[in-house]
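Inspection log for the structure reproduced underneath, given as C-alpha cells.
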C-alpha cells in the first residue's frame, strides 16, 4: 500500500524529480504518482488530496514551477504533511517557484524543499525521516544512508590524495 | 445586481484596496465583497468562484499577499476574467506576492495588477474597461475620468509655475 | 473584422508569443498584428492605439521586453483593456520586463501576463474570457477548452499508471 | 516528555516565533527550547541535535536569520525531521535567511517554513501534522483547528455584509 | 532662458529631487519644471518633449517611479540627451524604477541616475557636465565644486583626528 | 581628433560593445579605445581619465562587469560626462554590474546604460546626442537615424501584413 | 603604532561600524581612521592606500554603501589584505552595496563582510584573526572571546529554562 | 608543510576553483585539499577545521554552493582566517551561495570572495596577501604579479592600437 502520495503539476516535471522516486524505491517505501494541476485540473487535485489520508497515504510530495500553487492547494485539502518541491524556472532565477511555495500564510503549512537538483532527493529523504518515526527499520536505513554518503566522501579524499588534484579533475571530466 | 465580485485572502487586506471600492462606487457599478482564503477556506472560495457567472458576476477581482494563490485558485474555477492584486509584503520586497500572481501556467490566465498603492485603483479601472465594452456609458465615464486626471495635472502645473517649486513643496508638506 | 489588436515591440518577439495567435485562430476570433515600438516608432504606436476602439477593436495585447514600456504607452492612449506580455530577457532573470509592465501607476491599468512560455497563450485566453462576456459561444468554447485540458491530464495519468514512471520518462525524452 | 525540540540562533528570535510555542501549548504537546548558535556555540548545538532522538524528541524546529545555517547544521547531526524558520532580515528583503535555509544540498533535508509572520505558526502546525500520524487525537484537533479558522472567516463575512466595508475598515483600525 | 527641462511623473516627486533644483540654481543655470505623466497626461508629455529643442532646452531630466516609463517616453520624442531619475519605491527594493529606466531598448538612449538620495544631485551634476562642454565657466565651477567637496572631507578628517571617533559620533548625532 | 574616449575593463568586453564603435563610425565621430582596469591598472586608468579633457575628449564611455567600478573611478578623475555600460554577468542576473554602475554616490555622476545587447549602441547614441548640442550636423543625422528606424519598422509591418505571421516567422528563422 | 587602517566612504558610516572600533580597542590593537571617498576624494584615498604598508599598517578595513567602490579602489593600490564592509542601503535591499564589494574581478581581492549589524564586528574579528598569525596573545584573546560568547549563550539558556519563555520574552522587551 | 587548508563541499567544485590551486603553486605555497561537506560529513569537517591550526595551517579556504554553510561551519571551529568562495548556482542567479556565505552573524567572521570565475583566483591571492605579512618574499611576488598584470594590459593596448578593434576582435575569436 502506498504510504507516500506524489503529485506533479505537469508530466514534464517527472524527469526533474526522478531522484525522489529512486530513493523511495531503494528504501522499499511504496508511493503513488499523479499528474494534476492546481489550475488545469483543480477538481481532480482536490479529490486526490482530500481522500489521501483515507487511502492510507501518510504524507504528500507536491512539485510545481512558476506560480507554484500546487503544494499549497493540496495542503488546503488535507492535514497530512505536505512537502513542496519548487521546479526551477528561467524567470527571476526560479524565485517565482521558491517564493510561491515557501511563503504560505499562517494556518496551512507546506514544507519547502530546494529548487534545483536536490529538490527531489531531499523530498524523499524528508518523507523517510517522517516515516521513520513510526518505523525503526527506516531510521536504521537512513543512518546507513548517511554513513554511506560520508564513507563515499572519505574514499574520494583518499583518491584525491593519491592522484593529486590535477589527475582527479581529469578523471572527473572523463566521467561526464 | 453585482457585476464585479471581489475576494480578499484576509480582512486585513480590506483597507489596502479601498480605492478599488471607491472607484467602482463612483462609476455606479455594483460589486460584492467576500473574504475567503485559498488555503484556509478553500471550499467557500471554490463555491463562490464556480457560481459567480451564474450569479451574474461579469468579472472577479482577487487580492492576496505572500504565496498569493487566491487569484489563481479562483481562476481555476471560472472562465470569467480574474484580476489579481498582489498585496505588498515585507519579504523579498513583495516579489513573493507579485510572482505568485503573475507567473500563472498556460491555460488558466490571471491579469496581474501592481503591488503597492495603485493595485486597488487599477483593478477597478481595468474592470471598468472590460465592462465598458458592453456599456458605452461606462466608456464615457472612463474618458471623463482620464480627462479629469490630466486636467488636474495641468492645474498643478499652473500652481507650480505661479508659486515656484519651493513654495509648492512647502504646501505639499502642509497637506500631509 | 478584427476584435483583438496585437502589438509587439519588435518582430523578434513574434515567435515568442506564437501560441497567442494560434489560440485566437482556434477560437475563430479575428485579430490584427502590428510591430511598433514605444520608443522607436512612438507616433505609429500612438496612432494605432488611439484609433483602436473606432476600428472595432475590443481589447489590445501588447508584448515587449526589457524596459517594456509598450503596454503602458498603449494604455495611455485608449480606454480599451490592455493586456501586457513581458518578453523574457537575460537581465535580472526577466524582472526588468515583468516589473516594467506590472508596476503601472494609478489611473492607467495594464493586465500583466506571465513572462516565459505561458505569456502568449494566457494573453489569448484572457482576451477570450473578456470577449466571452458578450459572446456565449466563446464561453462555451472556453469551457470545452478547459475540459479538454483536464481530460488530457486524465489520460496522461492513465498512461503513467499503465507504463510506470520509468517508461513514461523514456517516452517523454523520445518526444523531444 | 518533550516531543518537539526547538532551537533558536539567538534569544532575540524568541518573540518572533512566539506563535509556535502558543500553538504547541494549545495542542497539549510538550516541547523544549534551547538558544544555541551554529557558529557561536557549535558544540552545544551538535550535542543537542545528535542526542535529540534518544531524549525522545520526535522532530526539531530550528529558527535563524541571515546566513541561517542553524537548521542545516542541526539536520547534519540527526535523522529526525528538521523544520527551518527563516527569521526575516533587512538585507535583500530577507532572501538571505530564506535561501540559506531552503537551498540545502542533496542528502540532508530541511523543511523550510515562511519568513515573516506565519513562520512560527506554520512550523508548529507542520510539526503537529507529523505527530498526528502517530496520534489520532492530534489529527482530530488539527481538523477542528482548520474548521475553526474557516468558521471565523465565515463570521467575518457575515459582519462585513452586515456593516458594509466602510464600517468594517473603521472597526479594524480601532482594534489596532 | 531655460537650458534644462525637468519633468516629473508626479508632484509628490518634487521634494525627492529637490537637490537637483538647488544645484542648478547654485550654478546659475536656468531650468523649467513640469509635472506630467507618461500615462495620465501623455499628450502634454509628448508636446513638451518634442518641442523642447526648439524652446532652447539643451537636455532633459525626467524623474519617475514604479513602472517608470517617463524618461523613455520623453526620449522617444526628442534627440536631446535625456537623464532619468528612478524614484525609489517600496516594491522589489526599488528595482521596478531602476530597471524600467535603465533597460531601454537599442535606439533610444536614457542616461540612468541612482535611485535614492543621490539621484537628484547627480542628475544636476551630470547635466552641468554636458553644459560645461559649451561653457568653460561651468567647467570651472564643477572643478571648484569637486575641490570643495574634497576639502570638506579633509576638514572632517582633521576634526575626527582631533576629537576621536567617539566624540565625533556624538556630535553627528546631535546634528540630526 | 578623437572626441569620444572609450575605456573597457577587459579586452574580452570589446566584442560585447561592438555596436558602439560601429555607430560612432557611421556618424563620422572619431574615438579612441583603451583597455584598462580600475583595479588591475589603476594608474593607467587615472592617467587616461584625468588627461582626457586636455586631449580634446568631450565625453567618456566606460564598460565593465561584475563589481563594475570602472565608470565610477573614471568619473572620479574628470568632469567630462561619463557614460557607463554594465557588461552582463551570470551572477544575480547581471544585477552586480547594473547596481555597481547606477548607484553612484552624490557628487560624482555616471550615466548608466542598459546591460545586455543595447548597452553599446545606446552609449554611442547618447554620446552623439551630447555632441549634437555643439554640432547641428550630428543632430540632423540623429533625426535621420530615428526616421530610418521607424521606416524600417513600417516596412516590416508591410511585409508582415503581406505574408501573414506564419510565413514571417519562418522567414525570421531562416535569417538566423 | 596603528596596525589596522580603517577607511570610510562617508562620516555618516562611522556610527554604523562602531562595533569595529570597540572590538579592536578591547583587544588592544591600535588603528587609524580616515574618511575618504573613492569618488569624491580619489587622490587622498589613493595616497592613503598606497602608503599604508610603509606606515606599518598590516591590513585595511574599508566601509562603503551603494555603488561601494571604496574597498576595491583601496585594494587596487596595495597588496595588504583589504576587508570590505557593505553599508546597508534602502535600494534593492542593500544588494547594491553587497554586490559592488563582493564581485571583484580576478587579480585584486577584497574580503567581503556582512551587510547590516554584524559587518563592523566581524571585520574587526577577521582582522584580529589575521593579526593572530603573528601574535599568539591575540589568538589567546580570540579563543577567550569565543568561549565567553558560548558561556553567555549557556547562561541565557539557564535563565530561559528557569523563567520559561513567556517571562524571558517579557524581560527582553523591558531591556529595549 | 601546508600553510593553506582548502576544503570543498563537493568534488564537483574542484574544477571550478582550479585557478586557486594554480596560483598557490606558482607562488610556491604548500596547501592541502579536502572534500568534506558541512552536512554530509559534519564530523570530518569539524575534525579537520578544529585541528587545522595545530597542523600548521595558517588560513583556510572553503568553497561551497547553494545553502553554502561550509565556510561558516568551518569558521565555527577555528580562529584561523576563513575565506569563503560561493560556487555559482542556477537558482536565484547564485544569490543563494553569495548570501549564505557573506551574511555571517556577529562573532564568527568569514571573508567572502566573488561568485563566478574570479572566486578561486582571488581566494588564492587574498590568502597570499595574508601570508605576505610574515613573509616578505611573498609580498615581493605579489607586487610582481600585479606589475605583470598591468604590463599585460599595456601590451594588449599596444596590440589594439596597432591592429585596430576590428582585427583585435577577430583575433580574440580565433583564440576561443
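The letters A, B, C, D, E, F, G and H name the chains in turn, as written, and every chain counts its residues from 1.
As a working rule, a residue touches a chain if its C-beta (ideal position, glycine included) is under 8 Å from a C-beta of that chain, and two chains touch if they have at least 3 such contacts.
All values reported here derive from a predicted model rather than from experimental measurement.
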Separation of chain B from chain C in touching-chain steps, minimised, is 1
Note to self: chain F rotates onto chain H (CA fit) by an angle, in degrees and to the nearest 5, of 90
Of all chains, the one whose CA centroid lies most distant from that of chain A is E
Dist(centroid_CA(chain A), centroid_CA(chain G)) in Å evaluates to 40
Rounded to the nearest Å, the gap separating the Cα centres of chain B and chain G is 46
Cα centre of chain A to Cα centre of chain B, whole Å, reads 37
Chain centres from averaged Cα atoms put chain E and chain G apart, in whole Å, by 33
Multi-partner residues in chain A (2 or more other chains touched) are 37, 40, 66-67, 89, 91-93, 95, 98-99, 102-105, 107-108, 114-116, 118, 146, 149
Touching chain B in the complex, chain D uses residues 88, 92-95, 98, 114-116, 118, 146, 149-150, 153-154, 156-157, 160, 165, 168-169, 172-173
The chain E residues in contact with chain C across the complex are 9-10, 37-40, 42, 46, 65-67, 69, 72-73, 75-77, 89, 91-92, 95-96, 99-105, 107-108
In their shared complex, chain H is touched by residues of chain F numbered 11-12, 14-15, 18, 21, 33-37, 40-41, 43-44, 66-67, 89-93, 95
Note: in the complex, chain B contacts chain C through residues 19, 53, 58-59, 79-81, 83, 98-99, 102-118, 121-123, 125-126, 129-130, 132-134, 139, 142-143, 145-146, 149
